[in-house]
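Right after this note come the structures.
One chain, chain A, links the two complexes that follow: it is found with chain B in the first and with chain C in the second.
Let's turn to the complex of A and B:
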């Protein structure tokens, strides 16, 4: 590859949006680039839908010049299961077991948001202890997801031990979930009205604490192996920079936005459950590259550990965990519409729900955080990146194809 | 790049010396947690096959299937869940909704089979490695999705109702009815238990959807006495209601009443009564205008036949009028309901007693078909000394007199003998007639009492005293008081009805003093007319009929209700009336062909 051409392509990547580009009829991300594939200069390959670096089933159609990506098109639809449509034909209680399947690593957010939307429309107030347990569950699953995600991030750059540690430690958290909810991956625990059951016994917080300590120890090792690693630094620093201006333009949320220095966190901006009563700071970065995002996620793990400890300290010891619903087989929710949102490890997730007073939701729309990250944004970020770094870049955005397609 | 960054990753080597996270034998070394949701278990003795699990399963993984050796029974559909693990998502909603609490999930961690057919099985019936009592997910009180409490019926306070024959239950308000109707699981177990097989889930659904007119039509499909039944039915449906297993059953009777209470003004219009019916030249006579006879009249009239009812009294209604006191079934309600039946165009001959004023033989020859529904009107007398003493009354006659408007003076203390619903009506009527002390004597214990629990409870609220395991042996008069000599009983071996037979304890006689003593120990059928047409009767005096078709040995004569099967409740009589209408129609339209295919 001639270095001049490469620098040109890199310039495309580095261009920042200006007022002319913001013309909604001709946005820069919709520009079609033409490549003469017959010239022999370019090579088109598919990255996915089956690829270990693609977190789920999603394809990137890459045009390469040498081993540098000059064009990227994202293709989704391989994992479409039609959850939103399925919900329209299911009674409210019957939606409860399927929503969690919208996201494998963090199913509980779907359960929570679905329940919260129904509760808001039906005017149900969840008992206090139920709210605390919900918060606990959400933080625990954030922890599990981030731990595995950090491992995935390292694994995508060839640092497999971190991946193994991450998955193993996630399993310790899943053990806790098995105790609390009866399920390991899909918990089906946060039900409209509260949570299904209280803690299995009084020793449960103690067992959680043991796992938290294991994780703290793990983070020390990960710092040595991953963040103080010359190779990892060399490959990730400066890779996949997201300009702060893009955050609003692309609808970027979560760690991806915070790594660019933009303070967005639903837990702070629009506190739900008991987050107002918890003491924590928003974690902000500035470099906005893959390294920065990984670093922030490590900090988020430590933050979650802190939050879980706070929850056990502050939650009421006794009380109802759920209120009785009317007969769920004929449960009618009054007509209305609502949008509820929560901060997942990947960013803002939201449920928009419309009801018409019948036993079925009229329309449910799920806003997955990955929807904006993995489709339009990735197309822009991948340009100018070496083919070997595409998987790592994708993981750094924490894309989750199931929530793109719902 | 610093040297530290180059060397630091090598620290990971220290982990090679650590114990691995994984365990070698996960099945033996690590058991599933208590709440783990593994494969299903089902206590098939507890399960009644209501199919609520099938209803709630959003994956349609559960099918209710016939399962040897389980057979259908009262309150049991005979079906059991079969689960397809290709569809199951282990959400355990089926467990959390299970009304009986039979369904659960084992904590079996890993089970696998190469045979795909084995992934579809009936838990509890098909042998599996895990057992019912193994650990695993079970329904807890806090996770139960159903509401075990019935919406209470507003009733008059005991102190108020003691002094009046005014109707006691006030009826559901809209919100109460909706609340109660929403508890229904639509399993349909009740349909089978109801003698006339009313489509209960369907009319409860009509209430939920506020389609009361449709609800009324559904009621009249099977029961033209829905308004009365909504008040006084013995509600066998509620006895088997699936919610009754771990809570209170649906108040089916009150919901039925709710429909009729809110539609009676427009009843004829809704049901289209008065519109031309198909006309047939065949004539049918019905003897006895009680619930059974009138029901038969209603349905036969709708088939188009000319109906004549012969009634002994000057009013229709039979036992509903003369056997049930005003506070449970106001006469006004009964009258308007009978009017609906008569409005279809039924002719009635009052004050004619078949057998005396007109012979059965004559009717049988003049009409195309005869339905006998004379009921069991004669009260049974106890074979003891002193039955003819002044102050000793027979239960049904007593109620009859009250129904006619009499308000006899019973004195201060009344003794009622018997444990059935008639005894309850008698004792509660006595309270309303001003008796200071009412005592019920029953020869078995409260457990064996055939009266409805609700009636017993309400009688207690009204101050009625119960004396169990006792029976009168002799009644005499001393001055202006009755001397009722009783003997204590104990329970012996179970008899043919499954209840334990009471046995007298020798020498335990004692005497109770009272002003009045009412015998409510049962009724008999008066079937003297049978001889006139050579109809066979049984040794209990009932007509000898085919239990399915209700046909007697004389082909065009049918009999049903209390006079066909012995004294029973109103709904049984109504069911017989409906059945008789069906078979009489079949008999008249398909002459010569057998009635049962």
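Let's turn to the complex of A and C:
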């Protein structure tokens, strides 16, 4: 709270010498601020590339006045591996070990979207049980990512136990993934035409249910320790407010947009897989600060648990999980262009794929939700925030730096 | 979707269009009307969400294709605006005044494809590749394998676990030698013919 008052006084001081420029080609986000670093009033520090909480490396170049940020520039490039370029010289099936590494906490969305783009261009139909299992996998990984993200959010504000609970409970979900897919972090489970294999045995849904119950208990604990915590409330309420009119301007999606009261959810708007047959509500907030966003993510966890239970109830018991396709190394996808999207825990993720009838994709562009959140938005949001709160602010946008640079 | 495309065609002359699925259409526009058309789509037709900007390198046709995907939250549908640029002098008008997110995409495309967006803020700053002095890496003529072979070298003392290599060493020495000799001759001939061209 104190830092906010200080920032307001700083803004007033700055506004007096400069005059407002009303140039449509020079909007507020395009302004270049210049600071006289030699005057001794300002201090420039690098916040990162290693951070508590953010999965991946990203640096913020902060200009400080006292302990308040007056300018912020995001620097990425620590994780660039050129995936989009590498995919251009690999066959479609060889891309799967690459795409899942684009976002570490939520690899399955990349696999699903890549597979969905190939399926749409090649005209492949996925059998019904395959679609249900895909939805299950996507909801489970959303649950894992949200649990860890919530823990990271608490950890950034000094509530380290919640962070450790989050990571520990994510591990239970990863164990389930190991049973289902054979891999813990990267699964390469969803392939064009369906999923690789069926459930390991009939008891699998029961074991998932046990983990869901554990998570529900965890949420009760987190509510006590995190959301009813006076320190957490004092530090996060009013921090990092995103105005609702910024949502379209900055391309904000997912929980960050819903916390501002803007009803955007790809699962509702453009239903993919079997989301039309599932019964759930879009969770909306209004305050749009860090507290509201964490609260929304907690609700999303409960929503995901509900969805997983529904999936087990509604999914067909028997059936093919994948259709028979020709030799994977000789696929030729017809020429075309498409864009497919899905709702990750961070926001809208999409794959833009261009093929030219050969065995290799011509171009794959990955639209990650963090791209605009961490690059354009964070630079505006961080201004006026105390240096101690910058880490928490970064985590509250659910940034995933590997998604930015691919 | 058809109505919107027809209205767009009347105003800005759509060169080519094709509807991929009921809620996704691709339109090709001329370079000089593209920003006007995108502004029209944003302000009049309600395509207010800029999903992404991307570029595709068509080296055979000597052009770059820029793709702007716009999303309409009311109709839940997308329009992808494609603009074809000359590969020799790729310059495109900037969109940074319409969306704050656009400047980041433009910065990346400038770096990865070398397509210039004059007037876009911080467009010349390196975003991902600091100190890069080669051609823009996402262009088709940039060979990643050749670059990594020239730039990086295998660590000394690394043993290969490749079963093919081990079998060649242990059992099929002569055959492997012949195989590599043939490969070498073929490669030399190819290089010679490439030099001659």
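We take it that the second predicted complex is superposed on the first by the 379 of 406 C-alpha atoms of A that agree within 3 Å, B and C clash if a C-alpha of one lies under 4 Å from a C-alpha of the other, contacts with A are read in each partner's own complex, and residues count from 1 in each chain.
Going forward, contacts are C-beta pairs under 8 Å (C-beta built on N, C-alpha and C of every residue); 3 or more make two chains touch, one makes a residue touch a chain.
Remember, predicted model here, so these are calculated numbers, not experimental data.
After alignment on the shared chain A, the placement of chain B and chain C results in a clash. By the touch criterion defined above, A:286 reaches neither chain B nor chain C.
Touch criterion met: A:233 reaches chain B, while chain C stays clear of it. Of the two partner chains placed by the overlay, only chain B lies in contact with A:324; chain C stays clear of it. In the superposition on chain A, contact is made by A:96 with chain B only, not with chain C. Shared-chain residue A:196: touches chain B; no touch with chain C. When both complexes are overlaid on chain A, the residue A:186 reaches chain B alone and has no touch with chain C. Applying the stated contact rule after C-alpha superposition, one finds that A:371 touches chain C and leaves chain B untouched. Mapped onto the common chain A, chain B and chain C collide along 59-67, the only clashing stretch among 5-13, 41-49, 59-67 or 473-481.
Shared contact residues of chain A, touching chain B in one structure and chain C in the other, are absent.
Partner chain A is touched in their complex by these residues of chain B: 1-2, 4-6, 8-9, 11-12, 15, 21-22, 32-37, 52, 55-56, 58, 89-93, 96-97, 105, 137, 140, 142-143, 145-147, 179, 182-186, 208. Chain A meets chain C in the complex at residues 24-27, 29-30, 32, 76-77, 80, 82, 84-86, 88-89, 120, 246, 248-251, 264, 269-270, 336-339, 341, 348, 350, 352, 354, 362-363, 365, 367, 371-372, 375-377, 380, 405. The residues of chain C lying in touch with chain A in their complex are 20-21, 23-24, 26, 48-52, 54, 56-57, 67, 69, 73, 76, 78, 80, 96-97, 99-101, 103-105, 119, 121-122, 126-130, 137-138, 140, 142, 144-145.
By the touch criterion stated above, chain A contacts chain B in their complex at residues 90-91, 93-98, 101, 161, 165, 168, 171, 178-183, 186, 188, 196-198, 200, 221, 224-226, 228-231, 233-234, 320-322, 324-331.
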